[in-house]
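Note that the chains are named A, B, C and D in the order they appear, and that numbering of residues resets to 1 at the start of each chain.
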Amino acid sequence: MTGHTYEICLALGVLSPMIGFWLLVFGGRVLGKPGAGWFALVTGMGVPLVLATYVLLCWLRVDDATRAALTENAARFHWATIGGVSIDIGIKLDSLTIAMFFMVTFIAFWIFFFSIGYMSGHSDEVDGKRKYWRFFAYLSLFAFSMLGLVVSSNLLFLFIFWELVGLCSYLLIGFYFHEPTPQYAQIKAFVTNRVGDFGFLIGMMLVFFHLKTLDLDQAAVVFGEQYAAGSGIFASGFTMFGWSLATILGIGLFCGAMGKSAQFPLHVWLPDAMAGPTPVSALIHAATMVAAGVYLVARVFRLMTPEALMFVAAIGCITLTLMALIALVQVDIKKCLAYSTLSQLGYMIFGMGCGAWVAALFHLVTHAFFKAMLFLGSGQVIEGCHHVQDMRRMGGLRKKMPVTCWTFFIGVLAISGAGIAGVKVGGAGIGLGGFFSKDEILAVAYVRSHEWTSYERVEEGHGGGHGSDEHASAVKVGASRVILASDPAHGDSGHGSTAHGASAHGGSHATGKAAIFENTPPLPKWMFYLALATAYITPFYMMRAWWMTFMGKPRDQHVYDHAHETPMMYIPLAVLAGGTAFASYFVFRDLFAHAAPDATDAAMVLAIDGTTHTPAMSAAHSYLVYAVGGSFVAGFALAIGIYGRGLDVAEKIKRTAGPLHTLLEKKYFIDELYHLVWIKGCLVVATVARFFDTWVLDLAYNLLGSATERFAVFIGRFVDVHGVDGIVNGISKTSLDVSDVVRSPQTGRIRSYVMFAAMVAAVVILILVFKPEPSHRLLIPSVASLGG
Amino acid sequence: MNLLTAIVFLPMLGAVACLVVPKNLVRQVAVLSSAATLGLSLWLFPTFLGGGGSDATAIFGTSYGTLHHVIRLPWIMGDSFSIEFFLGVDGLAFPLVVLTTLVSFLACLASWNFNSWKVNKGIRAYFFLFLLLETGMLGVFVALDFFLFYIFWEVMLLPMYFLIGVWGGERKEYAAIKFFLFTLAGSVLMLVALVAMFFYSGDAIAAAGGSVASGYLEGVMLQHGTFDLIELATCPTIQSYFASGSTLFLGMKFATVMFMFLFIGFAIKLPIFPFHTWLPDAHVQAPTPVSMILAGVLLKMGGYGFLRLCYPIFPTGGEVWAYVLACVGVISIIYGGLCALAQTDFKRLVAYSSVSHMGFVLLGIAVMTKAGFQGAMFQMIAHGISSPMCFFLVGVIYDRAHHREINRFGGLWLTMPRYGTMATIGFFASLGLPGMCGFIGEVWVLLGTFDAGAKYPWAYPLAIIAAASVILTAAYILWLIRRVYLGKEREEYKGYLDVSGRETFILASLAVLCIALGIFPTQTVFNFTNGTLDLMLQQVTNAIAMVSQSAVSGGLIG
Amino acid sequence: MNSLLGQTNLWEAFDVGRDLFLFSPMIAMVCTMLLIVACPIVIGRGTRTISVAASFGIAVTFFLAWRVMGTVGDAAVSGFSAEPFLGLLVADKLSVGFQLLLMVFLAGVSLLWLMGSARTERNAPEFFILLIGSALGMSLMVSSANLLTMVIAIEMASIPSYAIVGFDKRDRVGAEASLKYMIFGAVCAAIMLYGTSLVYGLVGSLSMTEIAAFTVAQMSGGANVTLLGVALSCVFVGIAFKISAVPFHFWCPDAFQGAKIEVTTWLSVASKAAGLVMLARFMSMMCAAVPSELNMNLLTPLAWVIGVLAAVTATVGNFAAYKQQSVKRMLAYSSIAHAGYMMMATAVFIHPSASGAGAGMSAMLMYIVIYMFMNLCAFGVTAMVSWEAGTDDIEGFNGLIRRSPLLAVPMVIALMSLIGMPPMAGFIGKWWILVALGQTGTLLGWSLVVVASVNTLISLYYYMRIVVQMGIRDSGRRPAFSSPLSGLALVNVCAVVLLVLFFAAGPFKERVAGFSTSLYSVTVTSPVSHESLAVADQEAGQ
Amino acid sequence: MLTIGLTHYLIVAVVLFCAGLYTMMTKRNAIGILIGVELVLNSATVNLVAFDRYLGGQKLDGQITALFVIVLAAAEAAIAVGICINVYSNLGTVDVDRASRLQG
């Protein structure tokens, strides 16, 4: 297929759910239950999925040149003009978009499918009223926004859809708005995101002001040029916390990602967001929306200076560690998954930060699959157990819901990065999800932290050469880097991309790149080690969750009796399980690898060239594989060891751990802190402002509303208390006093009148008599002297 | 028959008709005439279609002061004196005219249930004043003779006073007189400026030899001072005389002090901290339709005033005060948001949110950048759509519950689903959600402000502080939604009917506009406004540049 | 009048026929008074009879004034003197136009009286005689060109007013009011006379033109004008008393409150207006006496004195009107304030040769016209309301819009007009004054512009109190009522006129501006020779 | 020897004026105040005549004016007394300080 067909397909894919949304809004009641659900499934996700698949297949078939051409020729339509800058709407057509688009549609489709089953019961009742079709309308709206976010080529549109997904998440978290928890959760989610968007806005302002465009590609190009020329944003000497303006730009944009992807310290909303219906948690708060932050960083990667990326890495690292620790003590199955999500998102962000662009996205996709599956599994469990979420009341459910149990287990394996290190079948390593993606991140992190200096030395060999404007070479270089970055984890696992990876390494860095490359610092070692350590924690809490839920003996007979599973709900599980496996091996990574050169082709990025063929590196990676690859064994063992027979052991540990445990259980008291500082603080300020308004400002105008009335009563016989007189007297209390002064001579005694008049006349006459010459000087200075 | 004259005085006819027709027909007559006015104003569209495209120059001309549907009739003439009946529209006035007619029409519909109001006496008087008010407002937007402008400005005052004062709530007297006092205080300053500008322009022409070519009309010679707003802005002689530092008024620099006089007059209307305190009271006490008018149109007059008078005529004044004004704008944004956060009265909250939104208008104008002007203009239109909607939403529930205590509400979305949905749209629009009208204005203004950083370094921090308001806005709007619409159904509100057909029509039409403006800002607004705004800004910046070359620096005392 | 005696043949001195015709309106007034005196003897003292006679007289006067108006050219004609400009009285468009106005107002007031007090009064003849007598005095005031005639005119206007204020002999308050008015008036008159004597001593003549010329000459000569200043300020006291300018306004509220409302209406406009026109004439002569446009700022000190007094008057009047419970008294204070506004216009000094000469004068005249209608309307409504309520307390207006819309609406228009809000004529009046002030372009001018505008805001408050009582606050206790048709007609016509005058501002201005053009034709051809006192003293010594 | 000049007349007039003013301000009796007024008027008369004499004899304006002044004084006195009687019949006194109902 040729021309703009790709874009048209994608556009249709985006619009279809939109149309579905409106039809549901107006006709939802007619469609009824479950009609509305099926309708949503088809329009909302069926159509896009078909289109996405079609596009994907075509895209895979064409060669790089064609792809480049298509990317180049993607159509743009003028939408509006900000000042002099034209804002164009269009579709960013590249491998990344297509991959993400497919991933989203695929997962969303099955989650829609699942929702039909999930909502078939009483789950669609809000305060006893059925809101079935409204739920699917929201889902469709979300689908529209998410797909729009994925395809948009312009920062402003990215932001618009960004906010729209936020809105959907708000609406869906608060789906059961008759209960207090969702109400607070939804506000928390939206406002916290807004905090991030505040940063996003600042970043956008900087882009707009310095790069004079909001188009992602153009912005990147201008950014690179300005760097090379040391002009524009790089010309300003402004620094904050030692960050240059360019860095602040990157960090600002990243703030948005921190909000959406719930990175520390803005992570607080995600756990609470679990108050929403489970499919929502799976779709929005595990698979797609929360990943949007990572996607954003990937998109604006080229606007990030090394300092900015360092900041990103640090945030990611902190998040992944802290959240994993909290996950250890969670007993609510969804909360547990939520924290694991946070931790995994931390990994992705961390990966982005340390330059593992491909790996991070790869992890995003694999994680999307298995985490969606896990959530759906938990949803199945919860629905089955009549909305019991406490794992301590579960146990032994494998008999009641085998499919769920084993698919869930696959998820556990995937997230733990289970695989057989070093063994390759047909050139591909054996493992699931994390085994590839997470380890790849760690590998890059390792290079950045340990072998950066040696790496530099190697790289300096290639210094100099042609200018960065030479697109092709840049592409190749970028490609080579990204591919090889993950080489050890996969060996030459027969990805088509290795080919041009290897062939391309002749490419060299432009002066600009070389220069920045000089001052790109190595990654602090602690980051790497934290990430590594967390790789050991993850398997533990996941296995713990699985075991507590499905293994052992039933701890709550009542729950156990109710437990059941329905095909409508476990079919998606199976599909997604398959998807996880599929995603770990095929398609996605290639696409990212292919997108990488363009998406990361800006001056400063090459500096984070993950690795080269230095023997040291390979060695490092090969032992790294064993180190991480084995982690899940230890984790599982420990988990089974503790939870193998009931919760007693855990209880003991809990008692011994004491304060530490409470610290984790209370999530480091961050929520309490925020509530104290922000919410309370803001309300206090607001109240102050309000009082200022009613008491201080009105004092200036009408001197304290109520005091005014008291004054009115006081002055009397003709001013009634709540009348306009009272108020206006208040408004003009001063003038009333003046009035009293003015009328004070009006005593009613004629003699005093005469006396007063005579006195004034006398004064005037005296002035006349004793005035200095010339006459008119004293009376009033002349106009000339005042220059009127 | 000049179209604008028809638009302006048609409501007046309706008003008179309201006095004569039998009582049971008054409503119909009023609605009909406001609808007719709306229809007439829509006739303006053909003039401005294609403003975004090739024939932009044909529509907006090559310099500020290209007008359409102009009518100039001598009114009060003297040997050295010419006050004209001078109407005309350009990209600045046109959208506001349409907005006015639209909001008036909807507000008129909103007063349909007049007979069920608490104070339901004097239906004739009510609609008479209502339509009179509409005439006044339209007049303000199309009058291009300063004297005429002032007349309309004042004419609009008294009907509003009575509409609030007679048909208002418990403390209506207070609110009404407060509104009256504040506005009159502003217009008193404007009056001084009116006289001063006339004579100083006269002096300018006299100094230039007593006869000067008009700034925007071919072959017209000015013999004496003028009230022509466009002339004052475009005639180079007058401009340079106004701007020169040696032109003093009461010992102060003319441009600087005149700008302030006019500014305060309009800032009170806008309203801007600290002149805003009349607004909450007026809104809370006014009946719903009047609130709609007040928020939808009256506030816009302030912004219109800035753009029509302050900046084109006294660019240097704008330059001198830029920092102060921008700060005040930002203060209003944040301050209004904070106050809104603390309110427990539904209507008061919305009123304060207006203060916050109008702050963006001032900020955008004060920084004098393209994006800023465009954003400010858009923000006016957008707010003119969304805030009447919010006020009507308040009115709808007030008609049923007869109170506005936010904390006593709850679960209304379950009780009245359609109402809940509409409310969500309305409030998210005013929250500035992308894809809705509120967003565009804010982003344009923020980017515009940041853009001004090139000339004013202080613009960066201000832009950032203003941007922080997105959090604040979200906070108070969502909190409001939670308290009013979410939660369990309350017994006391169980029986309430969902919005009626009439109410739905009003809400829906506004909601559609909210979304349309958000998705197609260019087609709906920018194509009509940008032409004029850009030309005006260009002229303003040129003037400033010219003056700064002749090294006349700011400072109040010359 | 030295000429009078200087001439050998008395009757060739001036054209009797012409002069008698020029001043026929005043003569007609005198005749009317005689007629009314005669009526009781011949026909009877019934109110109806007398009012018919009175209205006949008024009509005739009006007609004559109209005729004179036609003949009086742009050049002022000065009567009872051989020398063109040294006469005692002047007949020009200003004076005659004012007489026309006065007759209209007189008719309105008489109508008001006939509707109100006439029902209880038995003394129609006396009332009309006094009323017309004071009118005569006022028309003399506006046409006097000589200090002597000025003094006489003022007295002629005042003395009947004293009496008419205390007209109701059984009214305790009225008696008190008239006493105060009388005493204050007498004192001011005495001081004025003393000042007159001094002026005579200094100038050697009482002709206004000569006084003006002398003053200007002295000032330009830089001579010591102390004594002259004292003398003139003493004279000014008398005028200020009529205008009720601060600090000579004390009589005003008391007299107005004590007097019958018709009388208050009459005094509030007519006597003030006459005083103002007199002042304006004097000032215009000053301007005319200044040799050339360039030395105009010789008069700056004078302008400042008047301007400051005007500003103070306006402000004091407005502030004092606050908190008044009696509408009559409130309007009395408001009349002080408005006198202040008008007085501002008299502080506009523009040389006759300069463009916009007479701006101040015409602005003031327009204001007087408009003010007449505003007050007639406001007082008319107040009168009818207070007759119904039995008191002039502001509470009487409560809920008027419901009780009698045909009174409330004109009242609102009148009050808005008094505030000076478009589209009522009051705004136009203020507008022209502001324009006139702005035209001077001086610091004083612009300061007065600001003061006047701010005063508008101040005045808003107390006028709105009435509006609130009428429109917004309605206790519902007071019943609806109907007023005499003629009264309704009167106030509504006034209201309509107020609106019309606004929209017809252009032609209106053209017309009124004509009245002031003739003023400056009164120029002094040859400054009178003057012997200083010292010389005189030596002569005396020999 | 001392020759009586204009100055002396003027001084007399000033004295009269001040006496009159003083009387007007201090007297509580209405009639008293009127007497004060008369004094001031007379001082004016003295001035006029004196000036007229010393400004070269051909002018008679001053003397004529003086006559007018006397007439005015008479007229004023007449109306004043009438009002005083009216006040007396209403208030039972002519003490001006008692007439202070109207004020403020």
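The rule is short, and it goes like this: contacts are C-beta pairs under 8 Å (C-beta built on N, C-alpha and C of every residue); 3 or more make two chains touch, one makes a residue touch a chain.
From a predicted model like this one, the values you see are computed outputs, not experimental measurements.
Shared contact partners of subunit B and subunit C comprise A. Averaging Cα atoms per chain gives one point for each, and the point farthest from that of subunit C is the centre of A. With centres taken as mean C-alpha coordinates, the chain found closest to the middle of all protein C-alpha atoms is B.
The interface with the greater count of contacting C-beta pairs, when C-D is set against A-C, is C-D.
Centroid to centroid, with C-alpha atoms defining each point, subunit C and subunit D lie 26 Å apart.
Centres computed as Cα averages put subunit A at a distance of 79 Å from subunit C. Subunit A and subunit B have centres, each the mean of its CA atoms, that are 37 Å apart. Distance between chain centres (mean CA atoms), subunit B to subunit D: 66 Å. Of all residues in subunit B, those touching 2 or more other chains are 173, 176-177, 181, 250-251, listed in ascending order. With touch defined as above, residues shared between interfaces to two or more other chains in subunit C number as follows: 179-180, 183, 187, 191, 253-254, 441, 443, 446, 461, 464, 468, 472-473. Annotation for subunit D: residues touching 2 or more other chains are 24, 33, 96, 99-104.
Chain pairs that touch one another, listed by label: A-B, A-C, A-D, B-C, C-D. Per the touch definition, subunit A reaches subunit C in the complex via residues 715, 717-719, 723-725, 728-729, 731-732, 735-736, 738-739, 742-743, 745-746, 748, 750, 753-754, 756-758, 760-761, 764-765, 768-769, 771, 773-776, 779-780, 782-784, 786-788. Within the complex formed with subunit A, the subunit D residues making contact are 21, 24-28, 33, 96-97, 99-104. Subunit B meets subunit A in the complex at residues 171, 173-174, 176-178, 181-182, 248, 250-251, 274, 277, 280, 335, 338-339, 341-343, 369-372, 374, 411, 413-414, 421, 428, 433-435, 439-440, 443-444, 446-448, 450-451, 453-454, 463-464, 467-468, 470-472, 474-475, 478-479, 482, 486-489, 521-522, 526, 530. Against subunit D, in their complex, subunit C makes its touches with residues 1-2, 5-6, 148, 151-152, 155, 159, 162-163, 166, 169-173, 175-180, 182-183, 186-187, 189-191, 193-194, 196-198, 200-201, 204-206, 253-254, 257-258, 324, 329, 531, 533, 536-537, 539-541. Those residues of subunit D lying in contact with subunit C across their complex are 3, 5-7, 10, 13, 17, 20, 24, 30, 33-34, 36-37, 40-41, 43-45, 47-48, 50-56, 58-62, 64-65, 68-69, 72, 75-76, 79-80, 82-84, 86-87, 89-91, 96, 99-104.
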